[in-house]
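The structures considered in this document are given below.
Next come two complexes built around subunit A: one with subunit B, the other with subunit C.
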Partner chain A sequence: MEKETKADEEQTQVINPWEVSAKGKIDYDKLIDQFGCQRLDQSFVDRVHRLTNRIPHIFLRRNVFFAHRDLNEILDAYERGEKFYLYTGRGPSSEALHLGHLVPFMFTKYLQEAFKVPLVIQLTDDEKCMWKNLTVEESKRLARENAKDIIACGFDVSRTFIFSDFDYVGGAFYENMVKVAKCVTYNKVVGIFGFTGEDHIGKISFPPVQAVPSFPSSFPHLFSGKDKLRCLIPCAIDQDPYFRMTRDVAPRLGYNKPALIESLFFPALQGQTGKMSASDANSAIYVTDSQKAIKEKVNRYAFSGGQDSIENHRKYGANLEVDIPFKYLSFFLEDDEELEHIRKEYGSGRMLTGEVKKRLIEVLTEIVERHRAARAAVTDEMVDAFMAVRPLPNMFA
Partner chain B sequence: MEKETKADEEQTQVINPWEVSAKGKIDYDKLIDQFGCQRLDQSFVDRVHRLTNRIPHIFLRRNVFFAHRDLNEILDAYERGEKFYLYTGRGPSSEALHLGHLVPFMFTKYLQEAFKVPLVIQLTDDEKCMWKNLTVEESKRLARENAKDIIACGFDVSRTFIFSDFDYVGGAFYENMVKVAKCVTYNKVVGIFGFTGEDHIGKISFPPVQAVPSFPSSFPHLFSGKDKLRCLIPCAIDQDPYFRMTRDVAPRLGYNKPALIESLFFPALQGQTGKMSASDANSAIYVTDSQKAIKEKVNRYAFSGGQDSIENHRKYGANLEVDIPFKYLSFFLEDDEELEHIRKEYGSGRMLTGEVKKRLIEVLTEIVERHRAARAAVTDEMVDAFMAVRPLPNMFA
Partner chain C sequence: MGISKAQLLQRLQAQQIHFSQYDHPVVMTVEAQAKHVGHIKAGLSKNLFLKDKKHRFYIVSALADTKVDLKVLSQRLGLGKGGLRMAPEEAVVEVLEVPLGSVTPFALVNESARSVSLLLDQGFKTHECCFFHPLSNDTSISLHIEDLYKFLKSVGRMVAYVDLEANPTVGKDQPPDLAALVPSDAPSIQNISEKTATLQIDGDVKSKPVAVTAKASKVSSGQQKEKSVNNANSSSSFADPEQFIEEILKKASAIVVAEIKEENIKQHGGQLGAVVSNSLRKNLSLELKNLATMFKNTAYTEGFGAGIRCPAKRL
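Take a look at the complex of A and B:
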C-alpha cells in the first residue's frame, strides 16, 4: 500500500525530455532531490560576477538557471586559467520558436561572451524525425530554419559551431556514440527515460547521440589534442536525464563528466504546470507573433494571480506565486528596481493585473521585434558559415 | 506441457548471427521452414548457367548456397536487361580468417564476374567493437587487415567498394539507419535477435546498420539516381534474421526488398554441429596455417565417418553424412568427377579415411598457399583504393 501511494504521489510530477507535467505547481526542490543535482545559490552568482567582471545575466541573478552539476569545478578550473567549452542544443520540431525556446540560447550567448569560450550547438533533427514522425527532409529543413533563430540570438561565428545530426554524425562522433552505447543497458535507459517494448529502436539508439557532444573528441576539427577540455551544458532541467546518463558513462571512457547549469521551465501563458507547448499556439508567445497577437494573448490567456474583484485585490493583493504576467516579467524585465517595484505594488494590491499586463506587453513586444529584425538579417550564407565543419581559430580569444 | 516440449525441441538448434549450435546435425530443412526462405533448387542453377553463359560456381553446383529469397526476381529483372548490385560483409573480429570466412567472398567474386555488377562490402567494425569488447582502434585495425584478405579473393577494384562502418556511417547512410530504426520496435528486435534487458543499447542500435547497405540510396557516390536498383545479398544463413527485418521494413520506406542467396555453414573440423569458431584454433583451417599445420589439423581433428576397424570399414563403408574430410572436399574439390569417385569409393569402403584426408590436405594446402600469395601482394595503397568513397564508373561494364 505504502509503495502505491508513493507511486501515485510521484505521478503528480512527470519530468523527462518529452513530458513536463505536474498537478499544480512544479516542485523544483523535489526535482533537484530526485535528479540529484545541486541548487545554484547566490555564492555562484557572486563568483561568476567576480570571475567575469560583468554583472551576471538576468537569468542568473533571478535564479532562472537555478540548478547545476559540478559548476564549481568549471569555475575552479577557469580561475586556474583553464578554459572550457559550452554545449547546448535544440530539437527542431517546429518552424517558429517561442520565448521558452530562446531562454537557453540567450543565456548561452551571455556565457560565451562573459567567459570567451567556444560553443557547439546540436540540432537533433534525427531525434525529431523519430519522435515526431517528420520526414528526414522536413527535419533537416526545420533544423536550418531554427539555426537562423539561434544565430539571431547574437552568437559569435568565430567561436560557434552549429551542426545538425543528419549532417554531422559520423567519424569520431559516431565512434563516441558506439563507445557510450556499449556502456548503457536497455534496462538502464528504461529506468532513465521510461521507454517501453513498443517504442521503436530509434528512440533507444538516440541517447548516445545527445550524450557525445559532451566529449571534446567528438569534434576533432575543433578540439584535436584537447581531450581534457571541460564541457559546460546550459539547458532546461528536463534534459538532465540525458546528462545523468552521460556523466555516469564518462569516467568509464576516460572522459571528463560534463558540468551542467539548468533552468526552470518557462511557463505556459495558462499557468505554471508545464512548459509551453508548440501544439497549442495560444499557450506561448512566438518570435513570429505580431504586436497585436502578443497583446491579445497576454490580455486573454495570461493566468492572473490578481483577485476576482478590485475590492478583494486592493485588500489581499496578487498571488505572485501563480501570476504569469509577473513570472514573465521576472524572466525578461531587465531593470531589477522596476521589477522590485512591481513585486511590492502588485503583491500588495496597489497595482492591478491590467497595468502589469500592459508593461509585460511592452517588454515582450520589444524582445520579439528585436529578434525578428535580427533573424531577418540572417542569410543562408551565415547559416552555412556557422555550420561549416572548420576550426575556430580564435575560439578562446 | 506440449508447449514446453516444443520449446525444448527448438532449443536443440539455435541459429542466429551470434550463435550456431545444434544437438546433432543442423537441420537445414527445418531452418528454411523456420526462417521462411526458399530452397534453391536445380532450376536456379540451370538458369544462372544460361543467363551468365558460364559453368556455375562449385558452391552453386554443390548446393553450398542452398536457400534464397526472391532470387527469381533478380534473375527475371536481369533477363529483362536490368542490373543489380551485390552486398556482402564481414564482422572483423580476428586477425586471421579461416576457410569458412572465405566461402561468401569466393562466391561473391564469382557472382560479380558472372553478372558484371557492382559490389559493396561492409566491414562491421562497430558491431565487433560492441559485441567482442574490442577498442574502436583495434576494431578499425582488424577491419583493414580483413580487407586485405577480402581483396586477396580477387575482387575487381573498378566494381567494388569496401567500407568500414566507423569510416562510412554518416550522411545518407545514417539517414537510412534512422528511417529503418523508426520502423522497428524493441519487442520486434527481441523477437528476431533474442536481446534481453541486460544487453547494451549498442546491440539494439546495430541491426539498422547492417540493414541499410541493402538500399542503394545509402551509397550516393555509387547509386545516385538509381534508387530502384535491386540488391542481392550472398551470405551464410545465420545472417538471415537481419535481412528478414530489412525486408519487412523496406516497402514502408518505398525501397525494394533485398534478395538473398544463402549458404550452409562451413562445418568445424570436429563435426557438423556448428560453424567453425575463431576461439578454438584447432576447429578450423586458417588462411595463415602452414602446410604442416594443415596436415596436422586434418589428420588429428577432422571428424571421420569411417568405421572403427578396417574390416568394418570395408564392410559398411564411410558415413559420408558426418564425414568432415568428404564434406570439406565437397566445398573445395573443383573436379566433379573426382568428387563423385571419392563418394562411391569411400562410401562403399574401398577407400580409407587416410587416403581421403591426404587428398583434402593437398586441396586445402593449394587454396591456402594461393590465398597467402595473393594476400602478400595486397598493398596499403590497394586497400585505400578499394575503400575510397568514389564513383565506380565502369561498375556495370
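Take a look at the complex of A and C:
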C-alpha cells in the first residue's frame, strides 16, 4: 500500500529535460526541495541591483528566475573583482520559437549587459537529431535558423560565441567530454535522466556534451590560461539534472562548479498544468505571430481567472492564481506600478478580464514586433560572425 | 525589374547551356502548348506557383502526367494539412515577374523571386530534354533538366528534386521529409492583397488558378506596405550611420513633441525640461540600446566578412 502511494506522489509532477507535466499546478517549492537548489530571495535581487548599478531585470523583480545554485559565490567573487562568463543554450527542435523560448535569452542578455561578461551559447543540434529523429542536415539548419532569433534578442557580438555541437565538438571540448564521461557511471546517468535499456547509446552518451561548456578550458580560443574562470548558467529549471551531474564531477576534474540561476516555466495559454509546447500552436505566442494572431490567441485561448458572470466577478474578483493574462503581464509588463494597479483592480473585480486581455495584447504585440524587426536585420553572415571560432579581445570590457 | 526572355536566353548561351527554342502563339495551358510542341521528343512540364500561410512561395514543376497532391505536399513540407494554396495571380506578376500563364523555374533568376523554393519532379531526369517557358509563354525551350538545375543553383537558388508522387507518413516520429525545402524568409513584397481563390487542379491546368470563388481581401494592402517599408528602413538603418541617427532623432522628437503640450507646460512650468528628459529616458533607453546593439553587430559582421575574404598578407 505504502509503496503505491509513494509512487503516486512521485508521479504527480514529472520534470526533466524532455518532459514537463503535472497534475494541477506545478509545485515549485517541492521541485526546489526535490532538486536541492536554493530559492532566490529579495536579498539577492537587491544585491544584484547594488553591484550592477541598474534596475534589476523584470524577470528578477517578478520572481520568474526564482532558484539558484551558488549565485552568492559568483556575486562574492564579482565584488572582489573576479569576472565570470555566462553559458546558456537551446535545443533547436523546431523553427517555431515562442515567447517561452525567449525567456532565458532575454534574461541572459540583461546579465551580459549588467555584469559586462562574455557568453557562450550552445545549440544542441546533435541532441535534437537523436531525440527528435531529425536528419543531421535538418538539425544543423534549424540550429542556424534558431541562432538568428537568438541574435535578435540583442546579444553583443564582441562578447558572444554561439556554437553548434555538430560544428564545434572536438579538440579541447571533446577532451573535457571524455574526462566528464569517465566520472559518471552508467547507473548514475540512468538514475539522473531515466534512461532505459531500450534507449540508444547516443542518448546515454549525450549528457557530457551539455556539461562541458561549464568549463572554461572547453573554449581555448576564448579562455586560454583562465582555468579558474567561474561560470554562471541561466536556464529553465528542467535543465537542472545536467548541471547537478556537472557540479558533481567538476571538483574531481579540478574545475570550479558552475553556478546556476533558474527560471520557472512559462505557462501555456490554456493554463498552468504544463509548459508551452512548440507542437501545440495554440498553447503559445510565437515570434512569427501577426498582431491579429496574437489578439485571437489571447482572446480565445488564454485561460481566464475571472468569474463566469459580471455580477459574480464584481463580487468576488478574479482568481489571480490561475489567471493567465495576469500571469503573462507579470512576466512582460515593465511598469511595476501599473501591474500593481491591475492586481488590485482585477483582483477585487472592478476590472474585467477583457481589459486585462487588451493590455496584454498590446504588451505582447510590442515585444513580438520588436523581435521581428531585429530578426529581419540578422543576416546569414552575421550568424557566421557570431559562430566563428575567434578571439573576443574585449569580452570583459 | 525582372529580366527579359532575351536576357535569359543570352545568359544560358553564355553559360554554354544547350537548348532548343520553339516560338508559338501564347499558350495558357499544357494542352495548348502540346498542340505546338507535343510532337517533339521532350517532356512537357506543368508549373504550379504556390503559397503557404506564412507568405512563403514555392514553384512545383512536374511532368504533365505526374500527379501532384497539394495536401500531401503540404504535410511533407511540414505545413500541416491545408497549408499550401495556389498563389494569387498578382503574386505571379509581382514575385515571379512573369506574365500570367508563364510560371517557370527560370523565374527564380529574378531578385524578387530570390526566396521562392523550387521543387522539381525527379521524373524529369528520365527525359533527355524537358520543355519550360523562358519567362514568357510565347516560347518554349527544351533542355536537359540537370542544366536547368545547375543554372539555378549557380545563382544560389533553392532547388531540389522531389518524388512528387510519394506519400510518406508524417507524424510525431516521422518528421516531414521536405521540411528543408521551406524558404526561411518570405519575400518582402508590398501590396500583395490577400485574396484566396479556390481552384481545381487537373493534369491540364497550368499555373493559372481556375477561380471558383474569391474571398474579399482580408489584410489591407496598406498595412502590408507599412510593414515592409518599416523592415526596409530598419535593416538599412543598421548599416548606415545617417539613417541610424535619423531613426533615433525621429523617435526622440516624437516623444518630445508629445510631452510638450499646454497642460504639461501649465503643470510643470520650468520643470518641464526634467520631465521630458525623464520621459525620453524611460521610453527610449531600451529601444535605443537594442538599435545600437544591432548597429554594432552589423558593423562587426561587415568587418568579419572583409577579414575572412582578405588575401593573406605577403611577407
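Quick note on the criterion: the second predicted complex is superposed on the first by the 397 of 397 C-alpha atoms of A that agree within 3 Å, B and C clash if a C-alpha of one lies under 4 Å from a C-alpha of the other, contacts with A are read in each partner's own complex, and residues count from 1 in each chain.
One rule holds in what follows: contacts are C-beta pairs under 8 Å (C-beta built on N, C-alpha and C of every residue); 3 or more make two chains touch, one makes a residue touch a chain.
As the structure is a prediction and not an experimental result, all values here were calculated from the model.
Novice: Looking at the superposed three-chain arrangement on subunit A, would you call subunit B and subunit C a clash or a fit?
Specialist: On the shared subunit A, the partners fit.
Novice: Can A:Arg370 be said to touch subunit B (first), subunit C (second), both, or neither?
Specialist: The answer is second: A:Arg370 touches subunit C but not subunit B.
Novice: A:Ile151 contacts which: subunit B (first), subunit C (second), both, neither?
Specialist: A:Ile151 contacts subunit C only, not subunit B.
Novice: So, does A:Asp126 touch the first partner subunit B, the second partner subunit C, both, or neither?
Specialist: first
Novice: Where does A:Val184 make contact in the superposed view: on subunit B (first), on subunit C (second), on both, or on neither?
Specialist: first
Novice: A:Gly170 contacts which: subunit B (first), subunit C (second), both, neither?
Specialist: First partner only, subunit B.
Novice: Can you tell me whether subunit B or subunit C touches more residues on subunit A?
Specialist: B
Novice: Check the residue A:Asn394 against both partner chains and state whether it touches subunit B (first), subunit C (second), both, or neither.
Specialist: The answer is neither, since A:Asn394 touches no partner chain.
Novice: In the superposition described above, what is the shortest C-alpha distance between subunit B and subunit C in Å? Please give a whole number.
Specialist: 13
Novice: Both subunit B and subunit C touch subunit A; at which residues?
Specialist: On subunit A, the residues that contact subunit B in one structure and subunit C in the other are 133.
Novice: Report the residues of subunit C in contact with subunit A in the complex, numbered from low to high.
Specialist: These residues of subunit C touch subunit A: 54, 173-175, 179-180, 184, 230-231, 234-235, 238, 287, 289-290, 293-294, 296-298, 300-301, 304-305, 308.
Novice: Can you list the residues on subunit B that touch subunit A in the complex?
Specialist: 126, 129-130, 133, 136, 165-171, 174-175, 178-179, 181-190, 195-202, 204-205, 207-208
Novice: Under the touch definition given earlier, write down the residues of subunit A that touch subunit C in their complex.
Specialist: So the residues of subunit A touching subunit C come out as 95, 113, 132-135, 137-138, 141, 145, 151, 154-158, 288, 370, 373-374, 376-377, 379, 381-382, 384-385, 388, 390.
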